[in-house]
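Mind looking over this structure? Questions follow.
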């Protein structure tokens, strides 16, 4: 019986416990983290249960909220596309929570901790809800919950965070309103808000201009939220100035959930025949992606702030996912979906490392990382794993999704996109080598008098275990995802790609 | 053309409002004015949705219990569409919440930088 | 100044894109528009039968689409907590 | 704005008006099922009378009637009632928010149980909206300083 309720438990448990966090935190701040941990664990458990149920059932499972039939009520749908993403969201948010304890203690005043954890939990609730819902308007409401909590937890960061949070409010509202306009344009011509119902109703109306405009605004809205190239301007500032835990939470999850919504939109609400054949939507997305990747590479090379460099990297990674969508074939889309999950782990890895370095040294400038490998060897080891994965070195997961993306572009005969993909991998290698060089290699002159095993003044000064363990688990996750990517594709993602490909 | 405008004038008005709001959001230098532009933008959307719900000759979507037992005979055509109204209740709440958060942010910004002009804040941040 | 002109152009571009869509809309207040025919009739005709509430807006808000409203309340809650976190000084 | 005006007419009028506003707010809440109204509207009216109290008297007076600690609890309590109703339905064997299942514990049939389920969630909405609106008002108007801001304002008034 409980297994039947998994889809809703994923979202509702963190929601109801987030109300407790605020009240309990008012009395004693120590209970905040355990409550959040319990909530997210139940979510993770339910998400794994849902994944199992989907595999056992062999297709999408519908859950009717309030027991109303879908076009009238709201339904939750779990299928092969969203369950792996749900599991990844819940897993990463638990790790970031464990990571957050010490980092937040250092970066925030004590009186703000209960509210911070309330918003943390609400944010994860929103992201999980976006992923699981099957109703276009419900998605909007959840998007707003996720965005509001994101505005708030970004705004309490260091100097400059408040202003970038305000810019994020403005951009985020444009994005959400554009999404709502898209829903409205589809609603006025179909009269329905349910995604599956829209999927059935829309083919008759594919030549209506209202549907085309609706889709365009959908894409713009989701694009702003996920930070693809021309709409990314809010992102680097916001994620750089946010507290390091917050960027470790939002950077991996929020943008990727946006990418998921885009795939839902293009292939569940609309049919592939509309978004690829009738109008050159995929073509346009491909060009935007290529431009975005080039732009992101150039901008990332110009940064000396570690977090800001990663932010531009996200813009590039979003471009990869768009390339997978734009190549419009089975291989490319497999790569895109796999890359959503892999990129969550990769970005979580990089941003937690940035947070750890920030915790110990209070500095993010990559030119001041000298001797860091003696000070924090494990942190830098994790960083190297993440870096190799982003560059695309075989045992790590980043290689496999990139492999599928490249195969997809070859099959679609989109040579420019292929060139961009390969070139950007090279640039990523340069990018990360720059950091590794600064952290690992020692200047020649000083090396001479430190021949007996290290500079005397630099001793081991690693971050506490509560930060190391999540980082190591993420690094292990990257390697395991890489090793088992064949299994994941064969049993899950293969079925997530629409059948018409 | 004129018939096109007259028969859909609500939608034209909402687009004009969106134009104003969007311009305010993008072009104004003062952050509070940006916020006002954002509010106009959101309320324009609400006008749009409520316009969808309208029906000529439709009455309010509330049944009155006094007049005999009219419940069985009610046809959909007699009442305006309640769904957009419900959706817009949500959107109104979202709008209020956005305004609240943005105002709180503006108070912090003003405390920290002593101004609400965007270019002055950016200059202050560069320093 | 250039920024203002660019933003006017972007705004006009967005508005004209919206206007292109408006051409295919049903007429305003048309009782036979799709939005009035597809999902909403059940809300109007069956509300008393199924939920015992004569106010359709309430019944749709709280029952048929009650899940939306729960998150809508959570949105208010989120905003309140956010403002509290931004501004409130430590409690004595 | 938050300090004392000491205007007899305003104070008396507010003392007269506020009970009626609160009653009206409850009326709007309870009659939300059969006439325009509901939790949001009622909550806003209820919040308005606390805000009126702040404007007519001062912040301390309002905080004496509506303590900060109670406000924080109310913020969570309302949404908790809403989600808790949903959980009750879930625990009684239905889907989430399937109020019909409440008939197992309420002495009514499933259709009428939906009516009571809605009444319960509207109450939750009213509580949250009221508490949050008052809390946002306090924070925005005093810049989060609450009593401190009041003292500052009084000191400034004394200087004049």
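Just so it is clear, A, B, C and D label the chains in written order, and each chain counts residues from 1 on its own.
Definition applied: a residue touches a chain if its C-beta (ideal position, glycine included) is under 8 Å from a C-beta of that chain, and two chains touch if they have at least 3 such contacts.
Note that the structure is predicted; figures quoted are calculated from it, not measured.
If you compare B-D with A-D, the chain pair joined by more contacting C-beta pairs is A-D. Centre-to-centre separation between chain B and chain D, using Cα means, comes to 24 Å. Distance from the chain A centre to the chain D centre is 37 Å, each centre being the mean of its Cα atoms.
Averaged C-alpha coordinates give centres for chain A and chain B that are 30 Å from one another. Along chain A, residues 15, 19, 22, 65-66, 137, 141, 144, 148, 151-152, 155, 181, 187-188, 193 each make contact with two or more other chains.
Annotation for chain D: residues touching 2 or more other chains are 34-36, 75-76, 79, 83, 86, 96-97, 99, 136, 139-140, 143-144.
Residue positions of chain B touching 2 or more other chains, listed in rising order: 22, 52, 62, 65, 83-84, 87, 89-90, 93-94, 97-98, 100-101, 104-105, 107-108.
If touching chains are joined by edges, the resulting network of the protein chains shown connects every chain directly with every other. Residues of chain B touching chain A in their complex: 22, 25, 31, 34, 38, 41-42, 45, 48-49, 52, 83-84, 87, 90-91, 94, 97-98, 101-102, 105-106, 108-109, 112-113, 121-122, 125.
Within the complex formed with chain D, the chain C residues making contact are 49-55, 57-59, 61-63, 66-67, 69-70, 73-74, 76-77, 79-81, 83-84, 86-89, 91.
Interface residues of chain B, counted against chain D in their complex, comprise 60, 62, 65, 89, 93, 100, 103-104, 107, 111.
The touching residues of chain D, counted against chain A in their complex, run 69, 72-73, 75-77, 79-80, 83-84, 86-87, 90, 93-100.
Here chain A touches chain C in the complex through residues 15, 19, 22, 65-66, 68, 71-74, 109-112, 115-116, 118-119, 122, 125, 129, 137-138, 141-142, 144-145, 148-149, 151-152, 155-156, 181, 185, 187-193, 201, 208-210, 212-214, 216-217, going by the rule given at the top.
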